[in-house]
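Down below is the structure, laid out as structure tokens.
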Amino acid sequence: MNPADTLTEIAVPQSQQWVRGNLLTLEELNASEINIILDTARALKEVSTRSIKKVPALRGKVVVNLFFEDSTRTRTSFKLAAERMSADIVDFSVSTSSVSKGETLRDTARNLVAMGVDAIVIRHRSSGAPNLLSQLVECSVINAGDGSHEHPTQGLLDLYTIRETFVPRGKALSDLHVAIVGDVIHSRVARSNIWALSKLGAKITLVGPSTLCPDSFSRLGVTVSSDFDAVLPTVDVVNMLRVQFERITSAAFPSVREYSRYFGLDERRLKLCKPDVLVLHPGPMNRGLEITSPVADGPASAILRQVSNGLAVRMAVLYLCIGVSSLRRS
Amino acid sequence: MNPADTLTEIAVPQSQQWVRGNLLTLEELNASEINIILDTARALKEVSTRSIKKVPALRGKVVVNLFFEDSTRTRTSFKLAAERMSADIVDFSVSTSSVSKGETLRDTARNLVAMGVDAIVIRHRSSGAPNLLSQLVECSVINAGDGSHEHPTQGLLDLYTIRETFVPRGKALSDLHVAIVGDVIHSRVARSNIWALSKLGAKITLVGPSTLCPDSFSRLGVTVSSDFDAVLPTVDVVNMLRVQFERITSAAFPSVREYSRYFGLDERRLKLCKPDVLVLHPGPMNRGLEITSPVADGPASAILRQVSNGLAVRMAVLYLCIGVSSLRRS
Amino acid sequence: MNPADTLTEIAVPQSQQWVRGNLLTLEELNASEINIILDTARALKEVSTRSIKKVPALRGKVVVNLFFEDSTRTRTSFKLAAERMSADIVDFSVSTSSVSKGETLRDTARNLVAMGVDAIVIRHRSSGAPNLLSQLVECSVINAGDGSHEHPTQGLLDLYTIRETFVPRGKALSDLHVAIVGDVIHSRVARSNIWALSKLGAKITLVGPSTLCPDSFSRLGVTVSSDFDAVLPTVDVVNMLRVQFERITSAAFPSVREYSRYFGLDERRLKLCKPDVLVLHPGPMNRGLEITSPVADGPASAILRQVSNGLAVRMAVLYLCIGVSSLRRS
């Protein structure tokens, strides 16, 4: 048998309505666009269950991982997503690159484009860097996390996991109440979740100490609370943010132990929730701090399913931005 | 011509008897299993002589190199082995990963599995880490060296090289006497060689200073000696272990020069051997220390052939553990 | 449709005259060989304009990037070039490799060859390292920059860009006058340009302070000048070398600002040139130092086109050295 025959093409009809070449924020997407990504991800997730986990959809396309902050996990997820679609993917190591010789982001990026790169997946400590980059280059730009601004593929994979869990139970996103818990003010994951969930009609409550989760967030149309126990019985989903030590143990909060006591999710708290509550965490977890192991590894947790869904969502984003959109443009 | 047609599939009938998903140690394999790996390696070695050195056997499979100790050589060998079988392989850099954010080995590994990884090739400073990992994840685990415990693919490639050399001369492994020389006590290479050689019936003598090669090894059914010159005339194979400076020049031995004088292999010592003696070294060599250049580059040496065979052995291990075994399980 | 069918093979008839397995210097090539590389690059450049930017020409071949000096840009260019031809390419990280355990270049390289590597792309701080390597191993060796000696693929891509610009205007290389400006004495880019341009009959003037651009270069058949303004009206091409701070601000020159004033290319100087002058720079640029942004980004500049052509030239070099030549040898 010809091995190429085993690479059955994928069929994602709804993807034909996608027109963007970039994924910069979830704030700028409308509900329909978010649903196209989620539907495409659902179609692509099937590829990962095949014996030969590979389709030729992006064969000959080139993706660059341009990470200015370390993140093996997200970088690996994008890498595997690209390879599953048969794209070539290059890690552009910033520390050993011309960037360290003083080259500007613009020159680095335009050089990559001149080498025929189709998409740049960028992570940067500065909010807005992906948006800036998209104005400098003609290739696709995918935001893999910028400062405390957005982490759109994380928001999408959280949404995917929620939808995948509740739709079979007869609940739409607009029927759900989601708590996002922790250091909301510094969290790009929280922001991307807030945008995506509100566009799809979910009710959102942010939970955390007022230093890390100020009332000012309510202008985004969400509820803000510092009483975790009071919120728990009303929610369908609890999304626990990662504690970032250097921020928590500053003036923002007296101690990690104190934080854990008020805003950690343990078995006692889980019992306050509805029986079919869904627990999310973007990883990597600080076990015993924002979440205990029995909860993280228990039946309510979808933490590993989030990782699998992340791959499907990233396959979808790459497919839509450099597969489908480039067909449209050419 | 369709380029895919050039990727002729391989035929390895004996591989059908293989049932393991992991390669953790040689201690746990029986002689028959060791022979299946060596026979499969022999069949796969032919691929490397083709003009197009690639077969589609593991197309769509994903392998991760998870190295907690640096080793470009072994990592590259596994990488090329995976690519030669058309698998995708990802280097998971531990230093820049969530591991450095305090994530546990278990969480890192389970995340990789959630991304659809088929095999994790692990090197770790702690003896037993691969075994622990294999209990935590459902994918294949391949031990690429753990502490001073085992380095099974090195043991297998040494065995392959010995078999390839002596079988055409009409000698079976059970007819051979092998000396393993040097810092045996700290050497995972030595341990894997001891297990594999004894299972196939070879006679083994360990040679080294009593501080690095104590008599207690004799309980493994091997002979222990500190008189290299006396052992040499009786052996068919001399496997020279790499000197690891930080260990040698501690209390274990007075000086590197002294070590070299008693346990280095030079031309004078080579003349004490049988004329068809085979010299092995796992590399990287300290030329002039445990082995001199005339010996390392001379006709008795199979050191570069070991490297080539290492690739074939690793192709075989990946093929058996994630190609054949996964077919069996599905 | 079978995806493999989309990988149309390339046709480069002139490549059949190529006989070398290595690209070590441009000094040793004759004009006809240089033209074969440029013609092959032109044929391969078309691949990068396809929707599926990939041909199977080097399928099953293995290339290693062995970089002893950091250079993400050149390394990425070789990586993408190899992948565009369907070769596998491995980054052999020197800092984490056996090289740091004291292994010799020879042993490292011979190990790679034993693993079945077809080409080693080497960058090294020592002039002559690629030449030495080519005597130690049987695989192809490609020089990606050695000390202040040569950077042949940079010379070739500069030449390609010049030819691509002027031939449609009815000018051959032998009709052109090229200025190479800056720290010539330390520049491998300058040396490779000098060799290639002189072999194809171009007139060359080197411009710089006498400490960095001494009169002794005139023995290579070139003109040497320290008066940039006087040279500009007579040239068709200005190739601006990168300022390397640590060298400029030593005894060689009083200050960076001073350097910029005498040897930087700004809009005032550009107006002294012929209207169709071509501006080159090997990158990464120090904007505002050896070149100002209006010039670098203006219509005379071919700086990004150089990067695109670099990919095509490296595809050609790999194709000729390990595709065509290996067919000839086998």
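First chain written, first letter: the chains are A, B and C, and each begins at residue 1.
Criterion: a residue touches a chain if its C-beta (ideal position, glycine included) is under 8 Å from a C-beta of that chain, and two chains touch if they have at least 3 such contacts.
The structure displayed is predicted, hence computed values, not measured ones.
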Copies chain C and chain A - interface residue numbers shared by over half, same or different: different
Superposition rotation for chain B onto chain C, Cα-based, multiple of 5°: 120
Intercentroid distance (Cα basis), chain C paired with chain A, Å: 40
Interface hub residues of chain A, defined as touching at least two other chains: 2, 4
Of chain B, residues touching chain C in the complex: 2-4, 6, 48, 50-54, 70, 72-73, 76-77, 79-80, 83-84, 283-287, 304-305, 307-308, 310-311
In the complex, chain B residues that touch chain A: 2, 4-5, 7, 9, 56, 59-62, 86, 88, 90, 92-93, 96-98, 100-104, 107-108, 110-117, 326, 330
